[in-house]
Amino acid sequence: MENFANYLHDNFLWGAPLWVVQVIVQFGFALLLLMVFVSPFAGILSFIERRIAGRMQDRIGPNRVGPQGLLQFLADGIKSLLKEDLIPKSADKPLFIIAPYLVFLGMFTTFVALPFASKLIVADLNVGILYVFATSSLTVVGLVMAGWGSGSKWSMLGGMRAAAQVISYEIPAGLAALTVLLPAGSLSMQKIIASQGAHPWQWFIFSTPFTLVAFFILFTSLVAEGNRAPFDLPEAESELVSGYNTEYSGMRFVFFFFAEWANLYVMAAILTTLFLGGWQIPQSLSVASASAASWLPQVLQLIFFQLKCLAIIFLVIQLRWTLPRIRMDQLMTLCWKYMVPIGFFCVIGTAAWMMIFPQGAPKMAYLLTALAGVTVIYYFYRVVWQIKVSHAQIELNPFV
Amino acid sequence: MLLNMGPQHPSTHGVIRFVVKTDGEVMSEAMPDVGYLHRSIEKIGEICDYNGFMPYTDRADYLSAMNANQGYAMVVEKLLGLEVPRRAEFLRVIAAEFNRIISHLLSVGALAMDVGAATPFIHALKEREKVNDLMEALCGQRLTYNYVRIGGVSYDMPPNCSERCLDFLDRFEPQWDEFERLVSANKIFIERLSKVGTISREDAIAYNLVGPNLRASGVDYDLRRDIPYSIYPELDFNVIVGRGEQGEVGDSFDRYIVRVREIRESIKILRQCFSRIPEGDILAKMPKVLKPPVGEAYVRTESSRGDMGYYLISDGSAKAFRLRIRTGSFTGMAIIQKISQGMMIADLVTLIASLDVVAPEIDR
Amino acid sequence: MTFDEIAKTLQEKFEGLVPTTDRAGDPFLTVPAAKIVEILTFCRDDGLMAFDCLSNLTGVDAPPDDIETVYHLFSYPKRHSVTLKVRVPKASPQVPTVEGVYPTANWQEREAYDLIGTVFTGHSDLRRIMLPDDWVGHPLRKDYKEQEDYHGMATTRPSLLNS
């Protein structure tokens, strides 16, 4: 992107100083990211979630609006825009109005540090992962403001619960991320990916058993931070009538949900970057595509990254529609009594591992990869067996 | 802090209001406030004549309407001293047990949804739809059946009803196994339900809990076996009693698992009925205007929510003098105030859902 | 135990009980109102009768001038049941509460108070349960006339049938 800024400055805008042009270019890229990638993606993600939920519940899901129902999110967005904008009388107006924007801001500012490909990153900060965790904590402020500002006791309860939950689960998330940062040796997102390889046994998840455990801890913590089921008590529909969301209607309500779905993607991106090798593609593929066109490796890297993110998103969506909610005190117990100690243990274990095996232990990586492969094969076998046993009629075509 | 879990709430089953005194998450008391669905059915019972009151009994508990119908028919028949033909008795039991299955399906599904899992509810409703189709073939209605008449039933089985019903039962059992695997064995679900809202055996009897709630607290009592009516003496089934498998006897998980297993017992009963049903009349010979002699009767039937008592006082005329419907949900609400001290708000939702209260039954 | 045996046992212990067995359906035992708490305590604690469950408590508007409260007792160990009735004049319908004997009577008596008008003396929380707290009248009485309006809303509508 510096090249692009230099190019602009030299050829068109030589009147303005270079840094102004750079700022404008970065701003433009961020806007482009928001408009072209995040917004439609969050919308399509909502549609995907509803289709997957429908399939799991033996029904179809939205398929009327647009081809296969793909424009459903547009219809929902337009409908929400046209709704009456209610502000309760006892609401705290400034807080009530700002809260959705803060939540959205906290989520969106993380997008600028996400590495989509080796050259497709808006800002390659050298504290990348720390920046991502820090800005995603802005959502807490937004949630508490929403809860308090709504002026309703139910919302306040929901806001309190949300704040407690998100803040508590930052700690295991940080510890699990630390487990990966030790081998990587840097906080920068691109460097973390560069120290992994393309093949599964070169990913950080399989490099030591401690990082395998840390992956699950990070996964759980990020799901909890995103207020997704089974941790969606703050917005529990059947208990608090949507918690801090209750008094919001129309576009403000859509902002919360938009932030939640986009947060799903950030969650998946963080997991992919730290544990699943990011955008790395096999060397042979990279060389072969580079000879075809110079931009082709970037596109392939982007595709790999997206595929990994989508796999994680799929898993999270399935979890949401299968598992019941965890109660608040059980949630807190899980975090503080189980995940934090295990997180510490993983960090110390990884540090010890790195001392014992300074060059890494590829045998362990192969072993763990093999174990994972066996688990995946067994999973599919069970699914097929279950279908046979229950004589279910399944529809393999997702676009029925 | 005084919270109002108001009449409109996604998880109170019907229109019930709770005034919750809470301090953060932990409640000090939850007082139920009922009466939002009071339609004075008992007063209407004094205005309608006996035959015309039957549709009202459907609305007293719409989720197990057949049992409600049957109870009313039984109490009038007891006063009249009427004998119901055997085929009608079999049809009544078939309809009642199907009704028990779908009532428990909805109750268990709603409990799963209140705890947080949305998918089991949809699966349960899917099965319910199929039974609704069968009921529609039988009596023309999907929810409020008005099928039982005083002296018998109103319609006979359609031509291939037996085959369709047995086919449904064959397909339903493996689905129910899958449901159990999805929900009952789920660790989070067990954590949410076990040791929550434990009702001891003495409390259950003293507060007059009935049906699955009573059995879950360890009392081995089922009206169908212990004070049998209709053709239940000839049928062979087990009575499920809560044993405290995950947690204590009488907690929410026991109430849930009693309902899940009762569905299987109902399937057993249905298969026996279909194999034994005789030919014959479906309605006894009765005068056009029913005038029971002066007297009173109290009859209880085992509906899905426990025993539903009908108390009828007749003064010899064509209209009842006093009709009282005593339902299990009404007395079940009284215990919530006592048990809810010290529980969390999330547990209150679980407690209400596991007690399977239905608002029209409470308020009538 | 059959009804006759139960009635005999109770009549030996208490006086003033009148059994009625000549009507169709269930027989019942009429009991003086002042002694109802003693009698129910005895029924619950006695080893032979063991009525541990108050299955139903309801009020009946009995002609010409009385209000009856009906108690249906049931025993889980012995599987027998009995019906007790208490008659009080409509002008001052006061019955002692049996809440101390059977906790379930709490709500059932509130309903009887709400719909029939029996005042249960000694009840911990006697207020209306089904109807709103400021409703006037007791609907299940035979001579009940509905109030004309409630908080400004008319309680009747013109009938759509005969037009």
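By written order: A, B and C. Residues from 1 in each chain.
Going forward, contacts are C-beta pairs under 8 Å (C-beta built on N, C-alpha and C of every residue); 3 or more make two chains touch, one makes a residue touch a chain.
From a predicted model like this one, the values you see are computed outputs, not experimental measurements.
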Query - Most remote chain, CA-based centroid, reference being subunit B - result: A
Report summary line: Comparing each chain's Cα average against the average over all protein Cα atoms, the nearest is chain B
Query raised in the report: Quick one: subunit A and subunit B, Cα centre-to-centre, how many Å?
Result: 45
Query raised in the report: Whole-Å distance, subunit B centre to subunit C centre, using C-alpha means?
Result: 25
Requested in this report: Could you give the separation in Å between the centres of subunit A and subunit C, each centre being the mean of its C-alpha atoms?
Outcome: 63
Report summary line: Residue ranges of subunit B touching at least 2 other chains are none
**Report entry** Sequence positions of subunit C contacting 2 or more other chains
**Finding:** none
Report summary line: subunit B residues touching subunit A in their complex are 1, 3, 9-11, 24-25, 112-119, 122-123, 126, 171, 174-175, 177-178, 182, 186, 188-189, 191-192, 344-347, 349
**Report entry** For the subunit B and subunit C complex, residues of the former touching the latter
**Finding:** 34-35, 38, 40, 42-43, 78-79, 81, 205-208, 219, 221, 226-227, 292-298, 300, 309, 311-314, 321-322, 324, 326, 330-331, 333-334, 338, 363
Query raised in the report: Which residues of subunit A touch subunit B in the complex?
Result: 53, 56-59, 153-154, 157, 160, 229-230, 232-233, 236-239, 241, 321-330, 386, 389-391
Query raised in the report: Which part of subunit C faces subunit B closely enough to touch in the complex?
Result: 23-26, 28, 52-56, 58, 60-61, 70, 72, 76, 79, 81, 83, 102-104, 106-108, 111, 115, 128-132, 139-140
